[in-house]
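For clarity, chains are labelled A, B, C and D in written order, and residue numbers in each chain start from 1.
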Amino acid sequence: MNFASDNVYGVHPRILAALGEANAGTAPSYSGDGLTKQSEERLSKIFGCDLRAFLVTTGTAANGLSLSAITPGYGAIICHAEAHIAVDECNSPEHFTGGAKIIGLHGPAGKFTPAQVEKTLKGFIRGEHDPKPKGVSITNATELGTIYAPAEVKAFSDLIRPRGMKLHMDGARFANAVAGLDVAPAELTWKSGVDVLSFGATKNGAMFLEAVVFFDLALAEDFAYRRMRSGQLVSKSRYLGAQMLAYLENDLWLDNARRANALAQKLARGLLQVNTIRIPNPVQANEVFAVIPRSLNDRLLASGAKFYDWMPDSLGNAIAEDEIFVRFVLSFATPEEDVDAFLKLVAKG
Amino acid sequence: MNFASDNVYGVHPRILAALGEANAGTAPSYSGDGLTKQSEERLSKIFGCDLRAFLVTTGTAANGLSLSAITPGYGAIICHAEAHIAVDECNSPEHFTGGAKIIGLHGPAGKFTPAQVEKTLKGFIRGEHDPKPKGVSITNATELGTIYAPAEVKAFSDLIRPRGMKLHMDGARFANAVAGLDVAPAELTWKSGVDVLSFGATKNGAMFLEAVVFFDLALAEDFAYRRMRSGQLVSKSRYLGAQMLAYLENDLWLDNARRANALAQKLARGLLQVNTIRIPNPVQANEVFAVIPRSLNDRLLASGAKFYDWMPDSLGNAIAEDEIFVRFVLSFATPEEDVDAFLKLVAKG
Amino acid sequence: MNFASDNVYGVHPRILAALGEANAGTAPSYSGDGLTKQSEERLSKIFGCDLRAFLVTTGTAANGLSLSAITPGYGAIICHAEAHIAVDECNSPEHFTGGAKIIGLHGPAGKFTPAQVEKTLKGFIRGEHDPKPKGVSITNATELGTIYAPAEVKAFSDLIRPRGMKLHMDGARFANAVAGLDVAPAELTWKSGVDVLSFGATKNGAMFLEAVVFFDLALAEDFAYRRMRSGQLVSKSRYLGAQMLAYLENDLWLDNARRANALAQKLARGLLQVNTIRIPNPVQANEVFAVIPRSLNDRLLASGAKFYDWMPDSLGNAIAEDEIFVRFVLSFATPEEDVDAFLKLVAKG
Amino acid sequence: MNFASDNVYGVHPRILAALGEANAGTAPSYSGDGLTKQSEERLSKIFGCDLRAFLVTTGTAANGLSLSAITPGYGAIICHAEAHIAVDECNSPEHFTGGAKIIGLHGPAGKFTPAQVEKTLKGFIRGEHDPKPKGVSITNATELGTIYAPAEVKAFSDLIRPRGMKLHMDGARFANAVAGLDVAPAELTWKSGVDVLSFGATKNGAMFLEAVVFFDLALAEDFAYRRMRSGQLVSKSRYLGAQMLAYLENDLWLDNARRANALAQKLARGLLQVNTIRIPNPVQANEVFAVIPRSLNDRLLASGAKFYDWMPDSLGNAIAEDEIFVRFVLSFATPEEDVDAFLKLVAKG
């Protein structure tokens, strides 16, 4: 019963098999191989547009590199206060961008709004005494398991594009957002004004694999240099390309996400059967955040279940002393029996 | 017949199998897994000392991160003018160190000497108008397929350690150096004064895998932060640990290197049968650098053989207009038949 | 009637005269001149301890360089949310430190507390996923014209020194704090645990002059390199040394600050004669922050008086729609008549 | 008899007087003052074009900031191997640019050629494995006291502009170059393709003052942010504006340079009267580089004359064991009697 994170699970068998199939013979290195090239073409088809995709090994690198393409060191990126780039990546965004400032805005359910961004921008009235606002980064699905719908994404773009700012989407759980909304990937990205996407695969079945996907092709100019100098250009690149092709083939990426999302729904429904448990935010992707009694929390952990508590900041005062805010992450590989068994434990109270 | 690089070959079957074996069940992420911990212990045994090892995905990252632990942004690292950190990694060392200067010294056969370093240090007479010399980086095996023996390594350390400088070894082909010298890993590293080693595995059979190995444990303090902020802490870390364990098990790393080195010897012997071919440097690892007639070069390439020409700078004037300096890299996986077939082609003149 | 800032006033005549006196003949450059050396000795006497002082031209550089000596790029500095380093220096701290994170804590009257710092540190439970806390920076006098007394400063040090963190004091208005408290400079700095001080002179009568003063001498090692590489080592350094000597001679620095502080008291007393005006924080240095009617604000500005409004965040809800929060800065050179004339204008209502 | 550098001399009386005149009353800070604005307009007239000028306090900052506008951290700047940015500024260019590589090319008399740049660019054949060439920086007058004529400057621009690269001129001794050539400033800069100029004043009579002058106005966008975040936006900016206006008024800058250049000619002529002395390069600005007997060198120093020896690298083998390569710098303020007295000493042999 491991709900600690989606990254505690392994690699999907079809992706693992693809690594083996890619192993024969020789192949050009440093992204010169055929699999890497095909993976960009495949992404282009899936998104229905011309794009540039660069494969990297971690989500932190994908985010940092993406941001480095939209802000210089004297710029600022506005995001949610609990965004991964704000609180989970050491000072990686600062490292990749050469010192840009990450400005986190608070908001319920892991989301913030264009109105908040607008208010923040109005505060930048002192020229170079402030950093220069260069971009907004939204996480979709969010850190709190919620989703920005296309119209919500577009509202950010409508605000900032006229000001010359760029829109980044941290899609570490992009598949879960697409699956949750059941929309075309294009709708959630470039058609809604996203300029660059961190397209995650690791959490959803790959081994080490993320793609930085540029819809604004001008931002991709020189990006190969950025990736190289950050040590993210792998030599045996075919093994990234192979993962990506397998991940995309026959909609594996969406099937995996749908399964994880469905398990999250099942878990949420089960939890809500218990009087003492509340689920403050809508469950829209593969994560369930719940307020549960501390006594229950302790018993569940003692039973061997694995999950983490979460900063309750976003809950305001809506949590009592004897309660705790916890997170359950469901994965493409979480056994359904584990959910069932866990719910039985919970039902015991 | 692909002699372009060791990274055009795939992953050793035992390492690939290890990835599959590691795939079952859940595991803590971000280096908290057992395989990663075991790999550090295994390295400790192999080197016969207490050490700290951090797994990363590329050699460029391993080098950049290593250097960041030994120099601040106002420092300088002295290395060979053809070192990977000097000419093959975009501005990665500058990026990881926050702007340190990489000072390349010329020398035959890919090697430079403590005497050259001493002369360079004597030029740093103007205090802060120069950068502060903080370290020396040597590549072993070198970029020209030669090897520094333990005594040579120690001579660098003897010079710089009293000055508070640190010694880094870029061991992208460390296994080939150990195999070539037939010495204990300890002899070539900490016993000879190496403070931090980029321990390469990718070129010698792994998929994406290098370790930053600290013999000077004080340098390892805070290194986890450095790795994280550069986007090099992978979430599903068990797949790095698994590779490393398989790479080290039963001396696979040395067997692979020995095989590649032996093929290099065979190729070199064959080439020297031809009057018009010269091999200016000793062949000590898994690379053969040769001066061959341009006409032969063209015929070989036309026959489908793959290899690159190399900067002839290190040869001085010892190359004619109708000659070309070329590199052949042998790998653990290079088919011996390819060497035989290639030598037949060469023999035809 | 210019209360916009202390930097709108010129240079004190004795400092200007010192520049002329320093102009004769030749002098070694790049801090090798006698005046620069003497200025360090003079500071040492004034602070009653061994110290290292480095002269630079701006407060932003003094702060950024100070912080660069106490945090690497993966570290964090905790300060007040309205500190100059947090909101007034573009991304300068990030630039000088190579990407460290500046964490601003809110608190009334421009001050925050060790208890807040302690709570923040308790949140750093995830190792390298967070930055590593490396220092605290307090501003004295604060941005809101209040002062930390020695015991308050020491409380910060008592908390962080055992954790290996360093204490920086942004003393852009250090003289005003010393004058306001009437304590020995030593009491407010190293005796209270300050490790490095940005010792400001520009706002208090110099032309371009700040000193980075290290009480923790180990931090000063290599600092000359930091200053050089940031372009802050001036060639004709004698003109910085001359300013500093004149600034310190016969307590000019304290006399200037006392005068400015006294004018602030006078202004505050006058403002408080008016019913509709409130001064929410104690006036302890050379700044007066007041809540005044917007109608009065408009009339005063229309009369040619110069002053800025200030972010009312720190006031909570204690400000009405028809009120505005404004700042008046008094300088060593502000004519007393201007204060009198301004108070007359105010009294008219 | 001080020929050590132009920065050992003080400030020109008219510039010092201007500081006093600027001291009355209040003035907007942070470049908002009238003098700063007028200085930009004056520069615009002198160069005969629209331009943007930003005042800073040191030449190192002017260079670093200039380069930061033309190269990102993954780029490369090509310059002479003895350029100030290559060997005299610690790692300042790397700091300001976020890690760009400075590539120094050797050449006689402090000069290099477009042909050398072209050859270097031809070596950049490996895409992102190399840095991306973004600019060329030439120093005029050079570090060896020679001058690039307009046609020589234009030849660099003709080569690199079609490749999207920018041309920077380090004009720490720009006035000496203009005076030496007796050309219009426009001819030597934007009409010859210079995109950004470090316009030096400190060495030629100012206290602390350089201007970053953009002829390519697009490069100036956001430059105010760059200056601010590097701690180079001074608060009491009027004292930079005042210096610049006085420096430019009535051609003081050119008169100063002409005087220094003339003294250099006089010194050179005198030295050449002595059989044992050679002057290998043309004396075109305010510096004289000579090969003199070591015995003479020792006697001159013993007599109290001040000057430095110089790296003899650029001389090839043209220097004997008992000779030394030395530099004499003449300034606007060097007493002519000192030159006469020195030549008498020299004549004694």
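What we mean here is this: a residue touches a chain if its C-beta (ideal position, glycine included) is under 8 Å from a C-beta of that chain, and two chains touch if they have at least 3 such contacts.
It should be emphasised that the depicted structure is a prediction, and the values quoted were computed from it without experimental measurement.
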Could you name all chains that are in contact with subunit C and with subunit D at the same time?
A, B
Taking CA centroids for every chain, report which one is farthest away from subunit B.
C
I'd like to verify one number: the distance from the centre of subunit B to the centre of subunit C, where each centre is the average of its C-alpha atoms, in whole angstrom.
50
So how far apart, in whole Å, are subunit B and subunit D when each is placed at the average of its C-alpha atoms?
41
Rounded to the nearest Å, the gap between Cα centres of subunit A and subunit B is 35
For subunit A, residue numbers touching 2 or more other chains are 30, 73-75, 89-91, 94-95, 98-99, 128-129, 131, 225, 228-229, 233
Using the touch definition from the top, list the residues of subunit A that touch subunit D in their complex.
30, 72-75, 98-99, 127-129, 131-132, 222, 224-229, 233
Report the residues of subunit C in contact with subunit D in the complex, numbered from low to high.
2, 4-5, 7-11, 13, 16, 19-20, 22-30, 56-62, 64-65, 89-92, 94-96, 202-203, 207-208, 225, 228-236, 238-239, 306
Touching residues on subunit B, where the partner in the complex is subunit D
73-76, 87-91, 94-95, 98-101, 128-131
